[in-house]
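Right after this note come the structures.
Same chain, two partners: subunit A is paired with subunit B first, then with subunit C.
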Partner chain A sequence: MTTKHFNFYILFPNHQEGLHLHRKLKEANVKCTISPTPREASSFCGMSLLIEEENLDMAAKIIKENNIKTEGIVKLEKKPSIWNKTC
Partner chain B sequence: MADYRKMWSDLGMDLEKHDLLCEALPDAFGAIYMSQENRPEGMDFFNFVVSEIHGVRPAELIEHQKNGGKVFGTFCVYVPDEIIFAAGGIATGLCGGSQFWVAGGEKVLPANTCPLIKASVGARLDGTCPFFKIADMYIGETTCDGKKKAWEILQQEVPVYVMDIPQMKREKDILAWKEEIRLLLKRIEEFTGNKVTPEILAEKIKMINNKRKALARLYNTRKSSPVPISGKDALLVTQIAFYDDPVRNAEQVNKLCDELEARIAKGEGVFPKNAPRILITGTPMAIPNWKLHHIIETSGAAVVVEELCTGTRYFENLVDESGKTLDEQIKALAERYMKTNCACFTPNTGRIDDILRLVKEYHVDGVIECNLQFCGLYSTEAYLVQQKLKEADVPYMHLETDYSEQDLEQIRTRVQAFIELLEK
Partner chain C sequence: MKQIIYLDNAATSWPKPESVYQVMDNFNRNIGANPGRGSSSKTLEAGEVLLDTREALAKLFHLPDISRIIFTKNITEAINTGLKGYLNPGDHIITSSMEHNAVVRPLSVLSKAGIEVTYVKCAPDGSLCPTDIEKAWQKNTRMICLTAASNVSGTIMPIKEVGLICRERGAVFMVDSAQGAGHIPIDVSEQNIDILTFTGHKGLFGPQGTGGFYLRPGLEIRSLIEGGTGSSSDKTVQPSFLPDKFESGTPNTPGIAGLGEGVNFILKTGLAAIQRHERKLMDMMIEGLKQIPRVTIYGPADSKRQTSVLSINLKGLECGELSFLLDERFGIITRSGLHCAPLAHDTIGTFRQGTCRLSISYFTKQEEIQVLLQGIAQLSKEANAV
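Take a look at the complex of A and B:
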């Protein structure tokens, strides 16, 4: 049986909130990456933060402490890298 | 999530069609960029720009317009941004690097027009690019026949000012280009209602030089082995430099360079030390055209330098900052811009000299020339490039392609065979 791997995307009402959390996570040495939000996660364009599962609790703590507005966390199965997909 | 639909709607964009692009971009970027291992953290800023590409910067440009400023859309590295910024305007790149826009261009252009022109015209006519909708004026140029005629079509929608680029590089041509820059200044002063003074032009010359220096610093890190950043990431940084605020952009590129230089000090890279090192030369790769870089870098080689308009041609050579009068400054601008080696000039041996120099500076193992279909200038010049590289014993391959996916497998097979020949 193949193990499924997941990506966790933190969504925001606007990019200011997203950049705020990005800065706070970096200050706390929590690994995160800015990513375009996949369509499966939201019907709107814009940034989200990609985060590892083991850092979710820490992220939740930082969100609460800093009163950062989010629109939830979306768990999506990692897709195999489509090498030949161009835009 | 950020909802820019009201802004796009106010711009008169086709929201339904544009949404198809919004849907495709995250997947494409995810597969091509986010799948890379050990990316520099400094790329987060550039990920952010892509994530918000039709939102944040367009909103800034609209804000500038609300404050009485003008926005100028440009298509070519020969257009001197310094003049536009000195008159209180903002210069921005426009859309033109995706197959998504090609069909819209083909409604009015012959099919055998290069994809860059078809995509640009399509992005405007289909209403799927905010930059095209925002710009108050487009600054065109005469670098090829396809563009010259495209301006006449775009002129029906938005004012287009066309700069006449000389076709040779004699002393009289440099003087003619100086005169063209003077005329542009006059037209932009009229259009913005702002007078350009030597003081403000000096400031903007310095500002754009700083952006060039930051990009040159980035490229300099790519001379190291192992290379600290992928070619794909470096290409993205250069592509974004055409749209972003120049001061912020230089700041972010320098921040990325700090990280890359630290990587070099530790001997850290994103490809094995023995990965073949590729120079790409040819026609520009406008965002989101990442096709060739992606093929090369998922075939075992690293792209270490681009002799392209979206590469070294964009930032090499600084404008002399010592000019005190407008005449001296315009002369300095003319001299700097005429050093850019575009295939629209005859002869254009300077470009071949550049390629040979870059091969040495970046320790290049092989050169891939990639031209967009129907670009007669670059494809014809490829014969001479190949001849000189052969004399210098530099492995070379010539490709012609477009933005579509239909030739991906063929190109990958050819690129893999070429890389096999280079493997150390």
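Take a look at the complex of A and C:
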């Protein structure tokens, strides 16, 4: 039996909020990746932040502290991809 | 190129800091993408430009939520949005007799749509007594709109005092900071400002075609235009979240890059240092002009009570002739006439003749003020001989 792996996408209403969180996560040395939003996750702004599961709590804290608006976090099964934009 | 002395900074500041030209050139040459559209690296880079500028503005004006900073094409559009997006028929608004037509003309339209408008009369030096705002209060007063400083006399308005009255009595306080931002401290929390409108191309050292407003959290107003925002593209209705609700269509990204750099210049230089320089030159100009016969100075004639704007007339010349001769004979650029502010000119007693307006910036030099004073002294002698 193969183990399933998941990606966690933070979704945003617009680029403004996504870029704002990206900047704040970078300042806090929290690893995240700017990612195209999978169509099955959202039809919102086209960008999302891919984040490791162990960093979710830290991200939630930073989101709250900086009053950043998100459209939630989506958990999707990891699929092979050839892209990567790591911060 | 003819050497000029530019004293029309109240119309638009010039020159800009060198870095403003550089970031705009860099954007146009090397970035050039449309922010918020898709998710390409270039688009994200353009989005960072908007974010940088919002963060710089937030530092300067002490704005707690950067997503509530909205960019518009100029402050006139921002003021129109504040007035028309908030007021409804039956509402009452109080403003001053020193306002620019950016406020007065939209109010003229709104007054025909059932909105009551009261213009509180200011003193002949342009100053406003805050208690006069209280005296004009009505049961249906919903908004106070006030300039931070007059574009005609430079008179600084009691923003903090009026902001407190609005907070205590429960009305929205909107400030037109066109002549104040970059010259005097503006703090939305300390001054109880609900809607802060700003222009980019004057004291903030950005290019023309930039401006915007800040909307206090919790305050909702209507948008005046709708369209594509790059967000919620599956919906045919305008997003309700900010800044997208008010930022339809492609923004002036190169201009906003320049505005951000202009604000960064102020933050690096320090508003206090800018104020010190401007006050020193204003003192020099006011004292020098007082020594020249036939010159009339309007407004407070006190650098602590006004920004870097001074209106004058020279007996024997129309204000337009004075402005023309300063330009033609000495290369000094000023602005004459009514400065889009008929009510302000009526208040200071110059509606009929207008004034010649001299407005300096952080980049104005002492030697330039000396040339100005010599030039006006020369014209005074000539006018006397006619």
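Methods note: the second predicted complex is superposed on the first by the 77 of 87 C-alpha atoms of A that agree within 3 Å, B and C clash if a C-alpha of one lies under 4 Å from a C-alpha of the other, contacts with A are read in each partner's own complex, and residues count from 1 in each chain.
In this section, a contact is a pair of C-beta atoms (placed from the backbone, for glycine too) under 8 Å apart; a residue touches a chain by one contact, two chains touch by 3 or more.
None of these values were measured; they are calculated from a predicted model.
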Touched partner set for A:K69, first subunit B, second subunit C, both or neither: second
First (subunit B), second (subunit C), both or neither touched by A:G46: both
Which of subunit B and subunit C A:P38 touches, first, second, both or neither: first
Subunit B versus subunit C as contact partner of A:F6, first or second or both or neither: neither
First, second, both or neither for A:H20, with subunit B first and subunit C second: second
Of subunit B and subunit C, the chain that contacts the larger number of subunit A residues: B
Footprint overlap on subunit A, comparing subunit B with subunit C: 13-15, 19, 34, 36-37, 44-47, 85
Subunit A residues within the subunit B interface of the complex: 11-15, 19, 22, 26, 33-39, 42, 44-48, 50, 71, 79, 81-87
Touching residues (chain side subunit C, partner subunit A) in the complex: 35-39, 41, 43-44, 47-48, 50-51, 54, 64-67, 229-234, 239, 241, 243-244
Interface residues, subunit A side, partner subunit C - complex: 13-17, 19-20, 23, 34, 36-37, 43-47, 67, 69, 85
Subunit B residues touching subunit A - in the complex, by the definition given at the top: 1-4, 22-32, 34-35, 39, 41, 44-45, 47-48, 50-52, 54-56, 98-100, 288-291, 294, 298, 403, 405, 408-409, 412
